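When the chains are written out, they are named A, B, C, D, E and F in that same order, and each has its own residue count from 1.
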Amino acid sequence: MLQQFDERNRDIIVNVAGRLTHRDQAAVSPFDSAVQGGDAVWEGLRLHDGRIFRLTEHLARLRRSARALAFETVPTDEEITEEIRRTLAANAMTDGVHIRLTLTRGVKVTSGMDPRLNQSGPTLIVLPEYKPPVYAATGITLITSSVRRPPPDCLDPKIHHANLLSSILAKIEANVAGADDALMLDQRGFVAETNATNVFCATAGARATPTATACPEGIKRVRVL
Amino acid sequence: MLQQFDERNRDIIVNVAGRLTHRDQAAVSPFDSAVQGGDAVWEGLRLHDGRIFRLTEHLARLRRSARALAFETVPTDEEITEEIRRTLAANAMTDGVHIRLTLTRGVKVTSGMDPRLNQSGPTLIVLPEYKPPVYAATGITLITSSVRRPPPDCLDPKIHHANLLSSILAKIEANVAGADDALMLDQRGFVAETNATNVFCATAGARATPTATACPEGIKRVRVL
Amino acid sequence: MLQQFDERNRDIIVNVAGRLTHRDQAAVSPFDSAVQGGDAVWEGLRLHDGRIFRLTEHLARLRRSARALAFETVPTDEEITEEIRRTLAANAMTDGVHIRLTLTRGVKVTSGMDPRLNQSGPTLIVLPEYKPPVYAATGITLITSSVRRPPPDCLDPKIHHANLLSSILAKIEANVAGADDALMLDQRGFVAETNATNVFCATAGARATPTATACPEGIKRVRVL
Amino acid sequence: MLQQFDERNRDIIVNVAGRLTHRDQAAVSPFDSAVQGGDAVWEGLRLHDGRIFRLTEHLARLRRSARALAFETVPTDEEITEEIRRTLAANAMTDGVHIRLTLTRGVKVTSGMDPRLNQSGPTLIVLPEYKPPVYAATGITLITSSVRRPPPDCLDPKIHHANLLSSILAKIEANVAGADDALMLDQRGFVAETNATNVFCATAGARATPTATACPEGIKRVRVL
Amino acid sequence: MLQQFDERNRDIIVNVAGRLTHRDQAAVSPFDSAVQGGDAVWEGLRLHDGRIFRLTEHLARLRRSARALAFETVPTDEEITEEIRRTLAANAMTDGVHIRLTLTRGVKVTSGMDPRLNQSGPTLIVLPEYKPPVYAATGITLITSSVRRPPPDCLDPKIHHANLLSSILAKIEANVAGADDALMLDQRGFVAETNATNVFCATAGARATPTATACPEGIKRVRVL
Amino acid sequence: MLQQFDERNRDIIVNVAGRLTHRDQAAVSPFDSAVQGGDAVWEGLRLHDGRIFRLTEHLARLRRSARALAFETVPTDEEITEEIRRTLAANAMTDGVHIRLTLTRGVKVTSGMDPRLNQSGPTLIVLPEYKPPVYAATGITLITSSVRRPPPDCLDPKIHHANLLSSILAKIEANVAGADDALMLDQRGFVAETNATNVFCATAGARATPTATACPEGIKRVRVL
């Protein structure tokens, strides 16, 4: 399940704040909120046969996430869609593509935690790559991680943010144990999600999934329920 | 207490992965772990009269933090010190300077959470700015935030990492209430620290500070105790 | 939203344990359980056009609350209703009235926590005042308080009791921040209620409210669901 | 251990807000914060041989408690001491006396939780009674209550307040089980205190007591440690 | 409700690992996992009029429990049913019988916690006794225990295991208080179950029971809901 | 670190309730509390050169554990020591021996949780085996288990009991991951102990170990501190 470098991505064009550049020239400022504190929200989109899967739902969640973090301004769906379109066109991509769409709080005038230092609008990053499905259809192996999902009074799991260290630590445990991914529990010890995605339990004639208390409101999750 | 832009910083030279460039050209890759997940550790250093305050302690904590996050390689103190020296020299800075020293897990070969995608070493960012002390000597006003510090089974508070959203949300509460900073509690409801620094309680003849269970092991904290 | 003194209430008649007196002569004993430990239950009633809104439901909740606190005896609905009627008649009140109906565990034979020291029955207090609706129809502003609702193993939130300090502390935080009221979270960090009332979340086509785990079973709450 | 009515207390004089009256005439207003929400702090004092045991420490704790609850004004030690003196003189009491000293947030202009409705200063209540020591020297029996002490984010246990319902519920459990008092645990399940007092554990050559995280800072507790 | 010794059980035949012996000769090895760590699962069955009540459901739960504890092998329903049949036949029992059916992880080659030391299959114990219903139809008295149900991250309450000390401690509290059984709470302070069985709350026209988060999935529980 | 069967133990004599038998005949009753609920306490002793290491401390802890579980009677140190002596003599063991010393609540008159069904005294089991040290001097590898130590309100970790399922589940996680043992956290997420022993942290010039809140009071632990 370890992703490999795909040669087709060697010369992709990346969009950072509207600037389209070769991936090796793409520049996020060290003053950007994402670099300074993971202060960003994001969505993973898939382009299949010229269409982005459930784009509307993803943009709605991106907007809810950004608002929950009190971003001053958030681009409209039309503006974001146009940037995605420009980026895909620059790469002549139409199928089999994964897009890492990131919206950061923007560039700060000086290093610091205070959002009032963000005096220019948010930074939109469109990162498209040719990428086959990450999970095999044959299933994956999971460990239960000792790392827990953050409780809602630390960081609401409904926000799809870029503070991923808890999940990365869980993923490292899975790597060490030779498993594909890690199941993560909430603070009370109940199953929440894996380090990367929602989890469903299918038994004879029934389907169950954790309530969305310690896991994101997955787009697919809503569809299944 | 809101920091202002300092004109002396308009043309500073920034060091990203050894490349010294004007701040406006400084480029962190969108594939960098810091951008993708706040997957980085950092220290705030102060240069005073040609010397960096407690550099050895700060580098030791940076190293402990990086190891706790299982960074594959960490540059030596000598290597880091040399990069700091080069950067300060390029700016001809000798006094009144704050350095945001960041070490990210490095650049990924493709978007994704898995640290095994980080196939090139960590990224060191040296960001020096002229900056007066942030806190006034006359004291600051605090609110108690409703946002709690993450518990150790989510993200060990002893790691000085760049997943700052909890603290940023607390800071936003302080801003809204018109206070300078926010006191943050741990999961049990005890005082942990402010959104930005350790907290001490001085009463007649005694000095107290929270045990380091939900707050970083501040350099100054160790000195005071 | 700060209530003002209403001149019509200057000479109201108050009922304490059946004695009808001018408000300035109304006497609760310092040996009363309410004074000693907030050891009382209460309801807020509204008299509109000669009728008390949902009186039956309020008296049922008052009774459940008193029983949950193991009050030895609780007056019947008829007895309580008669005392309310006498009090309203003494004040010639028929409309626009709020009644603070309190039932304490009664007067103790000596200071102390032990309910066995309450050797005379409960004390019923009927406190009617002319009072316009407290909340403006245009909505209110809320902060999220750092003070949490008590967990059920400390004091069951389904009991409508007179130990209001947690709520008062949350209200003080709201006052300091210039907001109308404060949203309070439960021990896990989920929204419970405001310091004064149940909270509902209305989004397009749906209505949600916290489960009654850390908030009272509001009379209106039951109606809405 | 059940206290009995002491005939010497039948005609004691009680002090409510400076008014000295027979106990049967003592009048706390139903608008008083103590009646409405247990919104008061208190101390239990003992008069022995003309002197009040550790009066200074008790008044200091009363003041700390009132300040933690943000009472607008608190009488000085001198003012409180003078009211105690007047009350004892009126009763000609010099020995074997317990004083329930209560300071409420004061009388509200109208029913309601908001402290801004308390437009006249705090109410001081001095309630002196002849009372032998409550606990027998031969020891007491304890059960462990299922009721827990409130966590610090609900109501700081260091505040010696009059929201006693948790303790009263624990005492009821002890009564039902035929024990003298109840041991109470904190939220994590560790011993905190009894429903009425600090607890110490004396083993061969050592003495232990819970850290003051979920119990008041007992005056005697500080002396013993 | 205290069970008495029933003379009809003086010479019953017990089945341990397939060996049928008089109860006084029945031998569980001190190397057995049940003896060393309560490392076993069990079911309580009732034989009524020649039939075992809901045997299929009980065996399914036994199997789920054993699998959740990672027992290497679990006998088939047919094998277990045959051992039960043999044991009942040896005792000529057909009615009014309670069977304690236990499946341990088996006998270890040496003392120790490691399941890899269990190199011979699980041990099945069939313990049939004449036993009238334990609970009177007239109802039972309950206290609320101070002992809590283990949280799911210690030991999943859905596993019907033989680590009964928490429940035994709760039962001791009930015995001391003179009650029949004890109500047990979960870690948050909500009602979970009694020390021995699921609990239902029947009010006018409604029936409620705790969600199966801190209590076993009772066979009867599923039927009632 | 997986223990192997030691041929010298093939014919050891085991002591169950005073009866000395070959290990294959040793018989613990299926009515014994250990079998029914892991309702037992135990100590691991080491015989070296004719002497048992810290026997007095181990017996004192065994007694404290049994009392904390409210065992009706506990044999004296002399009685226990004599049973150990008899068993060692029957095996002619003098060195390199590990003794699993177990004290159960005894044999019940009928299946059931109630300790009042234990009408005959406790059962002492002395299980001596030749056993080299389990841990290599070169160190062991640890994972951090997702299984937590029980909180004190479920089962006090200071009791050295035989409800080992939490630890066994953690050990299984270690086995699956290929590690020697598992580090276990307490409910708050702090390090408690391994599944089998206390843990110490040795850094330059200092030694640390968790406070004994979620781990047994190890005999060695006390010596080191």
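Here is the rule we use: a contact is a pair of C-beta atoms (placed from the backbone, for glycine too) under 8 Å apart; a residue touches a chain by one contact, two chains touch by 3 or more.
For clarity, every value in this text was computed on a predicted model and none was experimentally measured.
The greatest centre-to-centre gap from chain E, using C-alpha centroids, is found for B.
If you average the Cα atoms of chain A and of chain B, the two centres end up 24 Å apart.
The centroid of the Cα atoms in chain B and the matching centroid in chain C are 48 Å apart.
Chain A has residues 146, 148, 151, 153-154, 185, 187-189 in contact with two or more other chains. Two chains count as a pair here when they touch; such pairs are A-B, A-C, A-E, A-F, B-C, B-D, B-F, C-D, C-E, D-E, D-F, E-F.
Per the touch definition, chain B reaches chain C in the complex via residues 143-146, 148, 173, 176-178, 185, 189. Contact residues on chain A toward chain B in their complex (touch as defined above): 2-3, 5-6, 9, 14, 16, 23, 25-32, 34-40, 44, 69-70, 98, 100, 102, 104, 109-117, 125, 127, 129, 131, 134, 146-151, 153-155, 161-169, 171-172, 175, 187, 195-196. The part of chain B that touches chain D in the complex is made up of residues 185, 188-190.
Note for the complex: chain D touches chain B at residues 151-154, 187-188, 213.
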